[in-house]
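Chain IDs A, B, C and D follow the sequence of writing; residue 1 opens each chain.
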Amino acid sequence: MFRQLEEEKVFKDPVHQSIYVQDATIWKLINTPEFQRLRRIRQLGTSYLTFHGAEHSRFSHSLGVYEITRKIISQFERNGYSDWPQQEKLVSLCAALLHDVGHGPFSHSIEQVFDTDHEDWTCEVILGNTGVNRVLREVSADFPDKVASVIRKTYDKPIVISLVSSQMDADRMDYLLRDAYFTGVHYGTFDLERILRVLRPYKDKIVVKESGMHAVEDYLMSRYQMYWQIYFHPVTRSSEIVLRQIFRRARELYAEGYEFGFMLPPLRQLLQGTLSVEGYLQLDEALVQTAFGQWMEEKDELLSDFCRRFLNRVLYKYIPLEQRDETWLNGLRDEWKSIGLHPDYHMEVDTPIDLPYDVYKPGEDSPEKPPILLLDDREGLTEIASKSEIIQSITGLHRGKYFLYYPEDLVRPHASKLSRLTRERLSL
Amino acid sequence: MFRQLEEEKVFKDPVHQSIYVQDATIWKLINTPEFQRLRRIRQLGTSYLTFHGAEHSRFSHSLGVYEITRKIISQFERNGYSDWPQQEKLVSLCAALLHDVGHGPFSHSIEQVFDTDHEDWTCEVILGNTGVNRVLREVSADFPDKVASVIRKTYDKPIVISLVSSQMDADRMDYLLRDAYFTGVHYGTFDLERILRVLRPYKDKIVVKESGMHAVEDYLMSRYQMYWQIYFHPVTRSSEIVLRQIFRRARELYAEGYEFGFMLPPLRQLLQGTLSVEGYLQLDEALVQTAFGQWMEEKDELLSDFCRRFLNRVLYKYIPLEQRDETWLNGLRDEWKSIGLHPDYHMEVDTPIDLPYDVYKPGEDSPEKPPILLLDDREGLTEIASKSEIIQSITGLHRGKYFLYYPEDLVRPHASKLSRLTRERLSL
Amino acid sequence: MFRQLEEEKVFKDPVHQSIYVQDATIWKLINTPEFQRLRRIRQLGTSYLTFHGAEHSRFSHSLGVYEITRKIISQFERNGYSDWPQQEKLVSLCAALLHDVGHGPFSHSIEQVFDTDHEDWTCEVILGNTGVNRVLREVSADFPDKVASVIRKTYDKPIVISLVSSQMDADRMDYLLRDAYFTGVHYGTFDLERILRVLRPYKDKIVVKESGMHAVEDYLMSRYQMYWQIYFHPVTRSSEIVLRQIFRRARELYAEGYEFGFMLPPLRQLLQGTLSVEGYLQLDEALVQTAFGQWMEEKDELLSDFCRRFLNRVLYKYIPLEQRDETWLNGLRDEWKSIGLHPDYHMEVDTPIDLPYDVYKPGEDSPEKPPILLLDDREGLTEIASKSEIIQSITGLHRGKYFLYYPEDLVRPHASKLSRLTRERLSL
Amino acid sequence: MFRQLEEEKVFKDPVHQSIYVQDATIWKLINTPEFQRLRRIRQLGTSYLTFHGAEHSRFSHSLGVYEITRKIISQFERNGYSDWPQQEKLVSLCAALLHDVGHGPFSHSIEQVFDTDHEDWTCEVILGNTGVNRVLREVSADFPDKVASVIRKTYDKPIVISLVSSQMDADRMDYLLRDAYFTGVHYGTFDLERILRVLRPYKDKIVVKESGMHAVEDYLMSRYQMYWQIYFHPVTRSSEIVLRQIFRRARELYAEGYEFGFMLPPLRQLLQGTLSVEGYLQLDEALVQTAFGQWMEEKDELLSDFCRRFLNRVLYKYIPLEQRDETWLNGLRDEWKSIGLHPDYHMEVDTPIDLPYDVYKPGEDSPEKPPILLLDDREGLTEIASKSEIIQSITGLHRGKYFLYYPEDLVRPHASKLSRLTRERLSL
């Protein structure tokens, strides 16, 4: 099943130094149009507007996930652990590589507004009429289904799912290291080599040797820091809010029969909810940003303003709210109207809690996110939080402040018309 | 002239850790649409197709050039060197920051095909009806002219030009470090802190204390290695060739009156040679790549094939030529025609020599590239190559191999129709 | 008071890149015999027997503490904070530099066995007949007293004490970074630059801007990890136990009038409890290790065996104890005797808790270890643990396992004579 | 021959992250007293007096050389190169590990003064009555001889010698990286991973794939920079000169029958030229420095002064000489005498050329230092300098300035008695 390349291919990678490809199937997958397209999708969505180094793509992340998976399996093979089913190597590597192949541009915002799901798209790319599917079918007729079932977490070898998708999987390990590298913070750095050394296949799970507990603490603390310092950064949230207003406004206008000065087929499909795989694959960040650039000229003032804000980085301002003060917020909607603003577009209360990111929650023993288990010679398996107070302490922490986001530049000229409380809270 | 911000602004940067903005003019320049647009222009053009980490933008590089310039001036001020004219700080910082503001998408290819020049565009952005110009005019009516004349190297304080543009200027120092960081190679690393410490203002030049000679050797060797390992990498050259074919073919079709299925105003201006500043500023990489995506559907087969190659990374293959064998190459054009290929598009002989990069050439004492001078208490100034055999050795080295690039996938099926010599040379 | 050197001196340092000396007093202090002697005292005592890279000296650490202090003060001066008393710069820098000048070889072990205290010795070096004292007196007659009182935490400017000695002082910041660098682990790395940026002088304390809370969390987690991974490593503990047996045995023999085959005056003074400053300053690690080498030839078998163990790294083995099982341990002493071993020397129960290191304990508001305070515009000062659950979680954590240490090589040959429980526990 | 350890042993290393020991013989060798003794010998001799971070030992370097050798062999095995004789693995690893086991304290100085050779001592440790010999003999009776013959470059498998000792061997690769890491300069960094990837066994040599040429250039430039910036640093040279005066004076005094206040058997053996292996192994840096400390009290003023200078870092000053001006230097000897100084001890003219370090000299095709060969499919083997002008340029470069070293503190008080030329040259 594993067809050795004549000569190993090596990618230079800033995070892992080198990424080694030894199998022909992997090499062909990387060269499909669908995988190459990930070069035009940023890994961190709008974070580059907060951390200018965060311009790296899902292409480089996907190679990194593949490489970490390869290293884990290679460690298992080197040590000859009998609980690792050796014939599962290729399906594991393919699932690792293709894990994010269904990501679109600024996925989080698009998924929120249009209620799509990148995991579904990943499976469609794997199973549909695509280059990826053709390469996988060369392995065997049912191979695409196998890979897709790993992504969907229904594969009949749970250890493969555990490897590709868990609280300490190759995906998370790569993105923490990579996002730290490209933003330039050091919070995300942990001792990858040490963690790779303490992983063990055990029955149908990947677990951690007990002596590796401090290394896992370190990894989880890195993750905790990255979430609060990078992923939930309020400036990034602001840029996502502006981005969502664009999509929401465009969808609304489309529904109303508005004539867009600029339109392209995949965008139209998106707005009318009829995206095909082909259309989806054309929807990269280049296309979306080009549309925004053209829409800056639209006669709908809301749409053109939001596009201008996004491209020129004129974001919404934010203030922390001690708690959701619904009375004041409801009143604020009326105040907004009174000065000519749209409360549905020009204010948003946000808390990081609804982001698709998560901090480690040990109780959560769902098939989706198996917890991290420590393996001890005497006691067998234990969930890590029960042994580590550090890890307990970051569970359910920081339930997230509320922030109010709004376009200050539009509000300030009308400050005198606002209530005293509002002026105070917004420092006007 | 220097208007201190109330609170210093800090950008997190992977290369310099932090970038400090203390002056209101700099802060406002960063927030202009023209400068923000640099986020949509990659620093290294097509290099990301060879080194996937090289996805960083000219935005981050421009901030880096500003920061290095700020550090050099700060060192001069701290030591109170009388040869440094203190009132030139703001013009120097602005010129450093805006140095690349006229860069377009994939500048090298576009400049070659359309004969434009990013330095001219930089001056147009500084002097034209732009946000940048408005911010600069707030300083004084003639301030935009001053900044532009630094870019054009005609400013009447040569020391400012020497600071912003020389063989060891902030521009080169930042891009070597930054490109090394993002590609993940270490060749470009040199001891920036040490170099900053040995720079001295001396009469109307920036020179190097003699004890810094080895640090300069190290810097020049880094530069040499980066050129040959990164900038002149044949895979990158291949992607630039494919890119040029797109632009050449599109211009040719446009001239012939071809009806494009997809067109946007700035593209049309580009093809007909009538680009305005406004049009140019819309021409970012997002727009160009979107056009390529749409042109994959054009009925002109050459154009659609080149676009597909570029986006899906199906590049031309290359073989090294010991020397330009004109007889064989001329014959090859005919062989190409005989198998239905276009010699003007389907083959290209390339040598890195014509790239806008350069290795250090000490003799070249043009106002464009002042050489690096060592300052010695006894001897005064000496050009560095006369003291360092290392530096002499990398002067004029490696005049560049010739490579032949061609689409192997189109040639191989017709191999049997080609001459024996050709088959041998192309390993068919 | 500050006498600028004609030319700034620069030390190349792996942790801080460069260490800058601008004041003549600092330069002279570095060149005293007492300070140079720190080159012959390892920063981490016996840790090099566990982490071979940990061979760095207190000399380099002391320079690092000085440099961090210099940077903090420089930030205060640059921002013109009025709560920082500018005239305290030199006394602060001297106290930072000389903080550890009284450390002897393997201080922890020697202090435990001989009940001495390196802080007392530091003051004696500062106040006694030494090169250090002479340099300090050049500043003013009472300057040595001032510096010593900072070390003793009785100086009448509490902010200076807060700078030099607190839960987040320059000492701890340097040793975490330095020990991480030289051992090669990355746990100790935190964002020094960011922490330096959020420190503020506030009344008579150094506090942290509230937005710096996550950076402090990161620093404290680094510290927590370093303590458990490096400082309390059981192999290092084992080597300290062996070392203590040497000193204990030598003292016992000396008291009994034993004739040593090798003796030197400072050693004799140590063993008889009459160490003078002059003697103490001769007691470096070279001398102590040389004595051990010679004592390998002593006729007292215990002493020669312990010396051999220490120099050849034949350490005691250890097993974790679930709890102090006094009944078994008492019985073990008898079992030891029955096989010819000395229970006072050949077994030791150890828990890290008694080490002079500490994890952060927020409640502990002693003048010795002022807690870390956050400064908020609205609320004023708050102890950090009350805001951070992370920090709460590492307070009083890990009260430390008990370990039993013993020379397995001496026990194993007699295994059959030991009780079954003992054989089981020791895996014999 | 290879006896797998039950569990792989891992050393944490700052340069290679981890050092893996899988074979029982290697593990036992590391635990011999002779190898542990390398912890008390600094890798860089007196360089720590110039670069305070350079406190690392030959113990850590020896582990590093072993690890690089292990990685090279592992690459050969993984790729199944038939030119690599697989049964030579253990002898190669042992030779790599033990390569420096015969180094004494401050070897360069001791070898110069007493005309000993650390390579001879290495062979004596391997072949003599030592722990190392006993471990090697467990493999087979002739195994110590085999290992020693690799060290002596007479082993009958030249490829093993080429691996352990050549212009680009594991020894050099480790020390460049390690010395750069611990001094904190970055000159010594090169892409180790890439170099390991381009090495090939070819007939009886280790050669380099041609595509690795730039990587080798980079390695040789690092080496060149390290030599001139670190190894030949004039302050380090000064400290070695002071050190040599101690040894020269002590030997002279011993020959004259002087009664030393402090003496130990191995020192006496050294001074009378009768060092046994046992004595040599006791001669570590601790002992030597302890002797210097005691000799500070000797009544011979020269000896006590040199010892004080070395321990307190009161080194000789140096001035560059344009050329060896013998007339002036001869006169200077007389001037020295006239002011009561000893020309044999108080002045020394030095040029780096006589150091046991070397820059790459391609012509030098001795069995000692085989040149670096490039392997090309068409052309076979070529010496690298013939292809690289960079490498040519660093051949024979920098023949080394002359420096005059002398104790300025002893000269300055008598400046008025010196000739005008001397006063000028010494800036008195």
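Of note:
The rule we apply is simple: a contact is a pair of C-beta atoms (placed from the backbone, for glycine too) under 8 Å apart; a residue touches a chain by one contact, two chains touch by 3 or more.
Chains and their UniProt names: A, B, C, D = HD domain-containing protein.
Keep in mind that what you see is a predicted model, and the values were worked out from it rather than measured.
Looking at B-C and C-D, the interface holding more C-beta pairs in contact is that of C-D.
Greatest centre-to-centre distance from chain A is found for D, with centres as Cα means.
Annotation: 32 Å between the Cα-based centres of chain C and chain D.
Chain B and chain D have CA centres that are 44 Å apart.
Mean C-alpha positions place chain B and chain C at a centre distance of 51 Å.
For chain A, residues touching at least two other chains, in rising order: 17, 185. Partner chain D is touched in their complex by these residues of chain C: 11-15, 17, 31, 33, 36-37, 39-40, 48-49, 51-53, 55-57, 59-60, 63, 181-185, 264, 282, 284-287, 289-290, 293-294, 311-314.
Within the complex formed with chain A, the chain C residues making contact are 185-187, 189-191, 214, 217-218, 221, 224-225, 228-229, 389-390, 392-394, 397-398. The touching residues of chain A, when paired with chain D in their complex, are 10, 17-18, 193, 197.
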